[in-house]
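Next come two complexes built around subunit A: one with subunit B, the other with subunit C.
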Partner chain A sequence: MKRNQVIVALVGIIFVLFPLVVKSDYYQHLVILALMWVVIGGSWNLLAGYTGQVSFGHAVFFGTGAYTAGILANKLAISAWWGMAFGGFIAALVGLFIGWVCFRLRGPYFALATIAAGEIFRLIATNWESLTEGMLGIMILQTFRSKLPYYYVALALAASSIWVFDLVMKSKWGFYFVSIREDQDAAESLGINATLYKNISLLISSFFTGMAGAFYMNYMAFIDPEVVFSLHYISIMAILVGIIGGVATIWGPAVGAFIMIGVQETFRSALFGLAPSWVSQSHVLVFGLLVIFVILFMANGVVGDWPKIKRLFLRSR
Partner chain B sequence: MSKAWKYILMVSVVISALAFMSPAMVYAADTIQVGIVLPLTGSQAAFGEIEKQSFDLALDEINAAGGIKGKKLEFLMEDDTGRPEVGRSVAEKLITKDKVVMLGGGYSSSVTAGLAGVAQQNRIPFLINTGSADDITEKGFDYVFRLNPPASEYSSGVEEFLANVVKPKSVAILYENTKFGTSSSKAFVKSCEKLGIEVLLNEGYEHAGIDYKPILVRVKQLNPDIVYMVSYVMDAALLMRQSRELQLTPKLFIGGGAGFTLPEFKENAGVAADYVVSATLWHEVLPLPGAMDYFKKFKARYNKDTEYHGAEAYAAAYVIADVLKRAKSLSPEDIKQALAQTDMMTAFGPVKFVSYGKKTNQNKLTTYVVQWQGGHLKLIWPTNLANAKYVYPVDWLKVWGF
Partner chain C sequence: MLEVQNMDVFYGDLQVLWDISFEVEQGEIVALVGANGSGKSTTLKTLSGLLRPANGSIRFLDQRLDQIPANKIIEHGIAHVPEGRRLFPEMTVRENLIMGSLTPQAKQKRNETMEWIFGLFPRLREREKQMAGTLSGGEQQMLAVGRGLMALPKMIMFDEPSLGLAPILVAEIFKIIKRINQEGVTVLVTEQNTKQTLEISTRGYVLENGRVVLKGTGQELLNNEHVKEAYLGI
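What follows is the complex of A and B.
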């Protein structure tokens, strides 16, 4: 236990010092993106990994948060940073609504319903042009030229999300979540109100995803429905981050986020320009192979299968 | 305690490794690097490729002619994969890691909008050659310059052609639901109001779809005089193929540029591509110095035809070279100055950045009309420059082989 705390403290110190040591905007940018994915992956993990409700629609909450910030800036001409205050809550409201509809379904049917929810929200954002500007998207100017403010906001968001998830999972709610995942009927027979606790899990999950979305609007300064309500690039990416890092582990999604962003960028830029250009042309393929590899050989993700990985390397030594 | 020390040691190793990774201070003194951002993979790769090839072609010529002030020009090509988020990462990398002196490229409107924001924020000049949504040059970004006209002006040539030749009473507008598609369709609705054409349908469709028949059946029921489409390349080809299958026969099919002029459109649509009319920004027979030369050189090197996207990129390369030659130094401020003072002729047309209306640093160009005739893209409007007479009216069923 003591040892873990030391590690956490050290990781924290590294991240606080990182932008002061690495001055390159480019690397800071990549870490900011990864930190944002830590939040989204962790949120997905709380609902899917711990509570067993696999969502294919986290883009709904991400997009809602982003559009909350975007619309505030665009229509009311107030700073998009207010979106950080409201985005999470609006996303949680949307989460409640989706929970109300989708939690009538279980397992694969729930997953299918969340895909549908994601597509519905994307179509609404595309067609409600008077509110969202449709496919023209919302473009604002970043508040800061420096990356530092964004970095520390992202870091604070990531740290607080991990802290909250850890807290929740250590509380009795956490045990309820896991019991619902393991056997919903048995949990109910013990007097756990499954619908209530599934909604609580969704509420926390959607709140943090919405916050990440609002942050995205502030940081990227451009959104359109294809970007923030994307099934492929948001909903599926959230799942990959969770699975590659390790489902139902506190640190799994955090590790997964850094792996995903790192691998994506390494291959897209062809090992930072060192490899021939065909490497970057096949980056999508390599990405797919990596996912297949992880799912086949490390089904519990990097963090979940860490003992296995350690053993592998120890043995080869 | 010894455990803790081990971790601290590890941390310091990591930090020093990171510090080592940061700003690569290696300057290649004999080259000038310009970052070019294009979609080289993904659904817009066909456009990215023709533009990249044109950039490469121009680059070799520029360097063969002595480069810039004795230094070689170098284009760092980066792939934006057609996504704004990736485009932003790419621009950040080019600006802060590679330390390019300016940016070029910019294909899809949504990626370009993101790139423009990054360029403005970092005070790095950015010459856009294709991304055309109107609002990109309406933000008052003084570091952002655009070579191609905004989307709302793409159809000005088509407008004249409609007013003088086709004189339609009604139109159905189909557009790909993207930033470019939406901008273009809005502009065309305005054109229709001006020309007194009734808009029976103005509908966006999902990009990357494979079945457009439901929407085409509706068009068939409405029976408009003309069908106007704003599409990228695969959807353009599919729309025409499926129109043929449904025997949808308005007086004319008109494309709003983009996918309708690419050689890939003809290859994929086959016989259904014939006699389709499209707006264009360029054609090789135009009386522009170097236009035909560029067309022939492109054909010789890559063994395929080029069209206006390629010409935009080719011209952009020459504008970049010209600007860097005139700039007092390679500081962003001086390059911006030089860009603002640009006044040159290219194979794509005259380039001079002006401000009008809400727009700033925008190049103004005439637009033209082309028609696919027997597998070749022919310039049909304005008639004094045309290399073929327009074919109108068209007996579609006969053309399509029914």
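What follows is the complex of A and C.
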């Protein structure tokens, strides 16, 4: 216990000092993106990993958060930073609506509905041009020219999300979530209102994902429907981050986010320019291979199977 | 205490229970016996609110149960130890027990009840911090029973408690049921293990194809020619 706290504190200090040591905009940018994915992966994990309700549509909440911030800035001339607060709430409202409709059913209905919701929202954002500017997307002015403020906002968001998920999972809600995942009938016969707690889990999950979306709007200063409501850039990526890092572990999605951003960037930049350019087209393929590898050899993800990985390295030495 | 009247239950369009009526009095052990597919588990599932009767009524201590959601049943004092145990495998023994005591009354006495259960099943105390999924079959059944008792129920329902257990453990489980009953908890039990169940039961009902075909005291049923022929193999 003590040792873990020391490790967490050390990791925290490293992250706080990182941008002061590494001045490169490029590396700071990558870490900012990874921190954003820590939030999204953790949110997905709370709902899918702990509560057992797999979502294929976290882009809905991400995009809703991003568009909330964008529309506030674009139409009402309110700083997009307000979107960080409102984006989470609006995304949570959308989540509640989906949950209210789907969670009374069991089985794959929620998963299917989230895929559909993602597409519906992408089409709405594409076609409701008077509100969303359609395919043109929304462009705002960045507040800061330096990456530093964005870095610390992302870090704070990531840290607070992990803190909240940890707190929730140690509370009675956490036990209810896990019991619903493991056996919904048994949970109900013990007096747990499964529909209610599935909705609570979704609410927290969509809130943080919406915040991450609003952050993305502020940071990138440009969004369009194809990016923020994208099935494979957002929804599938959220799942990959969770699975690679370790489903139903607090630190899994955090580790998964850094691995995924690392792999994505390595291949997208064609091994940092050392490989022929066609390699840059292959990062999706590499994700696929990575998932196959993880499912075959580390079904619990990097964090979940850490003892196994450690043993492997100790033996080979 | 529990009164089921003329209950019909369907799975979709398929009727599986026909006009089921029975009652359980305070302090009794009542057995529902019958073969596979005779409707025993369906009956218990309906009592615990996971299924709804199309016709008929369920009354427990003069309150209608057939219209309230599954997660409210336990507040009326009925605990269900489901078939196949249905524990939470990735929670510890202790956490599983805590999950059994979520109603306000049960929560208040949580620690006392847990001590009582550890007294009934000393094995569970030894395994307190172990994941439920790593327990042996017999230990899992003890935990399932313990989790049901954590709610401090007035009546506890056991669905096939001897399922998948070695003969020596089966005898143990029936002893435990008897002991729980002596501690003042009314018991409703379904079983295929007809002989041993009827031996400990105050009264019993025989179900066949979703209908009650026989009823009587445990002894009467054990001596009944039809029961002997169909279930006891004599």
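Of note:
Just so it is clear, the second predicted complex is superposed on the first by the 307 of 317 C-alpha atoms of A that agree within 3 Å, B and C clash if a C-alpha of one lies under 4 Å from a C-alpha of the other, contacts with A are read in each partner's own complex, and residues count from 1 in each chain.
In this section, contacts are C-beta pairs under 8 Å (C-beta built on N, C-alpha and C of every residue); 3 or more make two chains touch, one makes a residue touch a chain.
Values in this document were obtained by computation on a predicted structure and should not be read as measured data.
The superposed arrangement places subunit B and subunit C next to each other on subunit A without a clash. Once chain A of one complex is fitted onto chain A of the other, the partner contacts of A:93 are absent, as it touches neither subunit B nor subunit C. By the touch criterion defined above, A:7 reaches subunit B but does not reach subunit C.
Taking subunit A as the reference, the larger set of touched residues comes from B, when subunit B and subunit C are compared.
Looking at the shared chain after the overlay, A:233 reaches subunit B, while subunit C stays out of its contact range.
Of the two partner chains, subunit B is the only one touched by A:137; subunit C is not.
When both complexes are overlaid on chain A, the residue A:286 reaches neither subunit B nor subunit C.
Within the superposed three-chain model, A:120 lies out of touch with both subunit B and subunit C [touch as defined at top]. Of the two partner chains, subunit C is the only one that A:182 touches; subunit B does not reach it. Across the overlaid complexes, the C-alpha centre of subunit A sees subunit B and subunit C at an angle of 140°, to the nearest 10. With both structures placed on the common chain, the touch criterion links A:112 to neither subunit B nor subunit C.
Contacts of A:194 after superposition: subunit C is touched, whereas subunit B is not reached.
Taking the two complexes aligned on chain A, the least Cα distance separating subunit B from subunit C is 27 Å. In the superposition on chain A, the residues of subunit A contacted by subunit B and by subunit C do not overlap at all. Interface residues of subunit A facing subunit C in the complex, by the touch rule stated above, are 175, 178-179, 182-183, 185-194. Against subunit A, the residues of subunit C that register as touching in their complex are 48-50, 69-75, 79-80, 82, 86-91, 95, 98-100, 102-103, 147, 151. Put simply, subunit B touches subunit A in their complex at residues 3-4, 7-8, 10-11, 14-15, 18-19, 21-23, 40-41, 78-79, 81, 83-86, 88-89, 92-93, 95-97, 110, 113-114, 117, 120-122, 133, 135, 139, 177-179, 181-183, 204. By the touch rule above, subunit A contacts subunit B in their complex via residues 3, 6-7, 10, 13-14, 17-18, 21-27, 29-30, 33, 126, 134-137, 139, 141-142, 145, 220-222, 224, 226-227, 233, 265, 268-269, 280-281, 283-284.
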